[in-house]
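Each of the next two complexes has chain A plus one more chain, namely chain B in the first and chain C in the second.
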Partner chain A sequence: MTSTMLNACMRFIALFTAALLMTLTLSGCWNRRELNDMAVAIAIGIDRVDEQYEVTIQTVDPSQMSNNRNVDRFPTRIYSEKASTIFEALRKVTSKSSRKIYLAHLLLLLFNEEMARDGIKEPLDFLFRDHEVRPDFNIAVTRGYQTKDVLSIVTPLEVLSALDLYRSLNVSQKLWAPTAAVNINEMMVMLTNDGVEPILTGLTLIGDLNKGLSADNVKQPRPYLYFKFKGIGVFRKDRLVGWLNEPDSKSFSYVNNHVSSTVGSVQCPGSKKRFAIELVKSKVSREPSIRNGSPHMKLIVHVSGNVGEVQCETEINDKSIIELQELASEQLKSIIENSIQHVQSQYGVDIYGFGANFHQKYPKQWRQWRTNWNEQFAQMSIEVQMDYHLRLIGKIISPFGNNPQQKKE
Partner chain B sequence: MNKTGITQRQATMWFTLYQLGSALLILPSSLAAYSKQNAWLSVLLTMILFIVLSPLFITIAKQMGDRSFHNYLTGMMGNVIGKTVMVLFLIAFPFLTFWLVLKDLSNFVTTSIFPETPPEAVHALILIAVVIGVRAGVTVIGRSAELLFFIVILLVAIGFLSLLPVLRFDYLLPMLEGGFKPIFHGSILLLAYPYLECVLYLFLVPDFQDASKWKLSLMKSTLTSGMIFLIITVTVVAALSEGVTANLVYPSYFVIRTISYADIYQRFEIVVAILWYITIFFRLALLLHVVTRGLADAINIKNANKLVIPLALIGFVMAKEVLPNVPSVITAFEVWPYYVFVFSLILPAILLMLGWMRRARGRNGTPT
Partner chain C sequence: MKSQIDQQLFSDRLDDNKRLLLDLMGNSTDFISRDLKLNGYIPIALFYLEGMVDITAVQEGVISSLLDRAQQLGGPINPETIQQHILNMGEVGLELNIATALDHLLSGSLLLLLEGHCEAVVVHLPGWEDRAISESSTQSVVRGPQNSFNETLRTNTTLVRRRVKDIRVRLKTIQIGKLTKTDVAIMYVDGVADPKLVDDLIRRLEHADYKNILEGEYIEELLLEKKQQTIFPVVYNTDRPDTIAAGMLEAKIAIFIDGTPFVLLVPSLFVDFIQSAEDYYQSYFYSNLIRLLRYTALIICMMGPAIYIALTTYHQDMLPTQLLLSLAAQREGVPFPAFFEALLMEITFEILREAGIRMPRTVGQAVSIVGTIVIGQAAVEASIVSAVMVIVVAITAISSFVIPSYGMSIPIRICRFGFMILAASFGFLGLTVGGIILILHLCSLHSFGVPYMSPYAPYNKSKQSDAILRFPIRNHSNKGEQ
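Entry: the complex of A and B
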């Protein structure tokens, strides 16, 4: 009897000790981070300032994100530090802030133009190496302004300006097209792989810088200062060499199948007025081939669009829509051809990644081309074949104000 | 009798988890470094090479019958040489691997998840689990393999199948660009690590309820883990491209971090860490089991369980000391296959020849 009692007792003590030990080990590890010790960074800007990096971080003030927030305090905080490496600069910030910077929720990384022309490989190394950073944030290059200024502006639609920038970039790539929402993962692919050169979208500010940095900027419907994503930057290796204008940027988005929808206008047949087309589907397929020993690229553009706005005098019927379709098709074809020619003659770098297509199809020839691929690209002949369809015409048939019944009489 | 030992199903699952072990995280990187976009062909070639080499191990298992590996070895080589070879083999191969695997685990955890946690804490926690497992015996480990196997499959499916929409299969082209040699080089790597470590499964032959099922476990587990390796390699290379994959230390983990759909379905890279912990447990458990049983036989200790804790403690110390830094791990990994061949190909080949010679000499002697 006593021995079983003793056994039960021992068992209980053993279980109790085990449970106690578990609570000790399960409560956390060395690396626990309390939420109120962290400053969550949502955007980083890197400026080149006299051989050093000036790193600007936009962090979120958590108490200002709740519903009963204090209106006088701003929800974001900007910290800025100079150092010769990014890592040092980030840690230096702790001398200005009571919290350690937490990078896992980073949305946006900005370089100023000088940094981009200097090469972005080195500043990117830290962001890949660090364990906290997730490979899903977007990158852009600021044009004409330091990233510090861009990150400091007060934007109207979101309380966090970085979130506004991030959303705007992704929406504009989807719905307007002359921008490219490049995330860090795609950047890494473009930097490491043969036969493709990187691109990054440009970001600029428009308006009065000094007034735009205060909360007054959003106290009126028309802000003093606003941001705008503008053009696509062309890189040779990791260095920025120039910018594409809007039509060329748009054409780049077509060729690389980034467009999910956009709007373009075309001149009416027989008049100076224009009609607008909303593209709803666009896909460009590539057919690399070899002609007389040199590379030749055939692009087949499959597009379908809807008539969105008509200024023309002509009626819309089955004949005229074919005419409009032809015009639109011709125009898109020339835009794509011209823009590729621009890139070929002006920069001579293969931002479209045609090289990778040749590498995949003609590995043997590629071995001869790969060392001077950009020269091959600059001289390559391009052929564009269109497959353009106009489908819908909207809620009215003929241009607004025309009465089809009257004309028939 | 049906309570002790392991069933063929349990062993298959255990071996599969063992093979997935360390290679799961780093394999795509080291394969892409050699065979670039054709990394997946290396996996296929490894399977073929293994099937070609497997009769070597299957014949040995047959020759062993119901003897333990130690008895088989001493039977072949005589008591003194057999025991010496046994001890040397255990220290130079499974025990060394045990240290390296522990080190691998803490390197990953401290690089990717908890940078400030001391590696000793990582080592100690998993060692406690492994010691409990090994002391409890193969039956318990076999049953837990049965339980956790499907969790591993589920996690692999969740993690890697959710990459399907972003895969760009043109990253896998052109095929056979650098010729056959780099693919062969890559498959040598995978063959040695972990497939030829199957020489260690020979220690488990006497634990099988039906020893003739050993070869089934071997082949089934190899094909299962080969399929998983194939899926992982294809998804990682098709999602990241070979150039990026080759420069990552833990590509399988990184690739899961890139998943983000609709800003909701994202940030579950920790499933890879869970996968890695489960598979590493079975790897460590098998290695420690082999070293314990082998050493106990070689130095005539009746109760092998007495050796488990001392050996684990030696492992705890050596894991910290065995390799000083991460680049040395990468360098060591380059020569590792050729080192492994000594124990996993040359030794079994010698044993096999000795076995045939004995049989030829003593046709009328002991039946094999």
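Entry: the complex of A and C
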């Protein structure tokens, strides 16, 4: 009995040692740290200041995240450091903070406009390279403000302003459309792939900057300072070259199938009033082709929408619905056509990624076009074909006052 | 002294026999001897243990028939006539050997000695106070048979025999234990159970060299394979007759031990321990959902605190941001590392649990109140542990009660601590390696030659109808073929 016990003991020791060796040698990067030893960074802003990077980090004060929090302290902390590389700047922060900055939960990366115009490839290198960073945060460019200021504002809905920005960006892309929630993976694809140029959404502040930086900003229903995502920035390689206006931004979202729902208004037939349409489904399919040796792109726009608001004086019936549908379809078509023309003539960079479609379909021709694709894009003829359907008209049929039954009475 | 009487026979002098028996029993006060005169002149003596025999049967059955019928019979009176004509009891035998006769006496028999004859008449008349058949206390069901075994072997075997009324049900009894002389009975269905297994089991039981057998665990350890060292149970035990009957129909062998309501079942597989009798008494759809729930509970019970430790100390990037922040908020001000915190709470809970089992029922409420207040509130309010940790420990503790067999929940609880250490040292990597080692270990086990993890490993397709899930009973091999 004792010998079997001894054997079992030896076996256990052998197994344990084997397991220990395996775990020690097979482990990649593992590092034990307790939750209360780290400062969770949720947003990073990178400003170009005097040939250096000024890195601003928004971290969370975890004690302020519990239910019974102390209102005297603010839930976020901002640290700012200047250095010639991002990595150095981040490490410098530890001299101001008792906890190590933890980057895995980064939600938002901001560049100021100067930085974006200067080129974002270099600052992005660290974020692509570092093992701790999880590549799912969104990127935006601040317009007219330093990222340091944008990250310091106090926002009303979420306790953490970066979370507010992050959610707002994602919701507005889905439900309003003239913004683009670009995450770092998509950015990497846009930077490295042929035939597509990067874009980033713009972010600006509106109101009184000084008042907006204190908690007073959220103590009233209308804040002194609030943020707004505004327009889509067009990049050539990694440099910002300009901004799209709202209709162009919206059209960009359509063409790239970012829209899941949005609202648009169209002029009524025969009057200056308008009716609004809620788009519930939108899909644009692309048919690249070659005409006379040069690229030609056909876009087929499949849209379903519901009538959401009617100011027109016509009755709503089967015939007039078709009329409204025609008008809405025409308008969307012209918006898309105009905006693409606009991008072609003003910037001449293929932010839509049409080049990638040609690359896939015509790899041989692509080799010739590849070097000067943006010139090809600027010259390219675009054809838009509409497939527009109005489905529902809501809970009432005709607008108030034009109900035929009421008129009879 | 003992070896002396092993071969000793009764003499033909009643007085000598009587003195010898009284001597051997050491004049115990419950050893009763009663002298009678048959037909007025034949001296006869009755011996029995008070409380071990059915006293009404002794008085009304044995003594009155001896006195009345011997007279009616006329002719010579000897042990054979008593056995064949006078006593109207069921089990009456003759015995020459004193030691054997005393063994019978000790198991509730009455000895009857006649002057001039060296054969003792042994009347088996056991009758002692017994616990009534009650509801199962360890494996209760909502729907299904409610009765459970008690401490008497014969009652228990009867409960099973009543469920399987087939002539092929075999019952073999072996006495084990030099001092306790415990009856151990094995029951199986002939032609269903593996005959080699039956022979092997009988051989092992017959060679058992024990002084005493008080519970099934004594037998269980005897049946373990010598080389096999494991904390996992390889012999199933239950106090539910329906489970035993079902097991016997699945080619298993039941081992009844006199004096305990827990009956063993061999060979036992891992799946047996995580299936409940009620799985077969509820609709299969519901049973399957419950089974899935049970597997989840099993994993939570084993891995819950370990996963928490691994997530919060190594893999914070795997948590959703909001969850991470709320976990971090709760850990603010907690002085211990997550591992130590978890260990503290787990040990506290194990103490409470053990206390809850051992202490007298009447003070049970006091412990649960103290436990709830200490663990649930005071520890959190004093910032010694975080509230999440209490939630994790609580769900882990509750999960351990979902495992239908108490015997299986013990190794799972032990493994939990191992996994906690692995998680604290190596994170999910440690958990993965630990999990692999655990699975390898389980796959290497055998219960009576049958691989422990079958029908998963080795995979047996025909048995999958009642493995992870339970298919409708009509799909099992439950058709009426012979």
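Just so we're on the same page, the second predicted complex is superposed on the first by the 375 of 409 C-alpha atoms of A that agree within 3 Å, B and C clash if a C-alpha of one lies under 4 Å from a C-alpha of the other, contacts with A are read in each partner's own complex, and residues count from 1 in each chain.
In this text, contacts are C-beta pairs under 8 Å (C-beta built on N, C-alpha and C of every residue); 3 or more make two chains touch, one makes a residue touch a chain.
Bear in mind the structure is a predicted one, so any value in this text is a computation, not a measurement.
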item	value
Contacts of A:R370 with chain B and chain C, given as first, second, both or neither	neither
Chain B versus chain C as contact partner of A:I42, first or second or both or neither	second
Touched partner set for A:K361, first chain B, second chain C, both or neither	first
First (chain B), second (chain C), both or neither touched by A:A19	second
Touching partner for A:R134 - first (chain B), second (chain C), both, neither	both
Most chain A residues touched (candidates chain B, chain C)	C
Residues of chain A at both interfaces, chain B in one complex, chain C in the other	30-31, 134
Residue numbers on chain B that touch chain A, as the complex places them	111-118, 121, 125, 170, 173-174, 177, 240-241, 243-244, 247, 254, 257-258, 260, 266-267
Residue numbers on chain A that touch chain C, as the complex places them	4-5, 7-8, 11, 15, 19, 22-23, 26-27, 30-36, 38, 40, 42, 60, 62-66, 69, 102, 104-105, 107, 132, 134, 160, 163
Residue ranges of chain A touching chain B (in the complex, touch as defined)	25, 29-31, 131, 134-136, 185, 188-189, 192-194, 356-357, 359-361, 363
Parts of chain C lying in touch with chain A, wherever the complex brings them together	226-227, 229, 312-314, 316-317, 321-322, 324-334, 337-338, 422, 424-427, 429-430, 433-434, 437
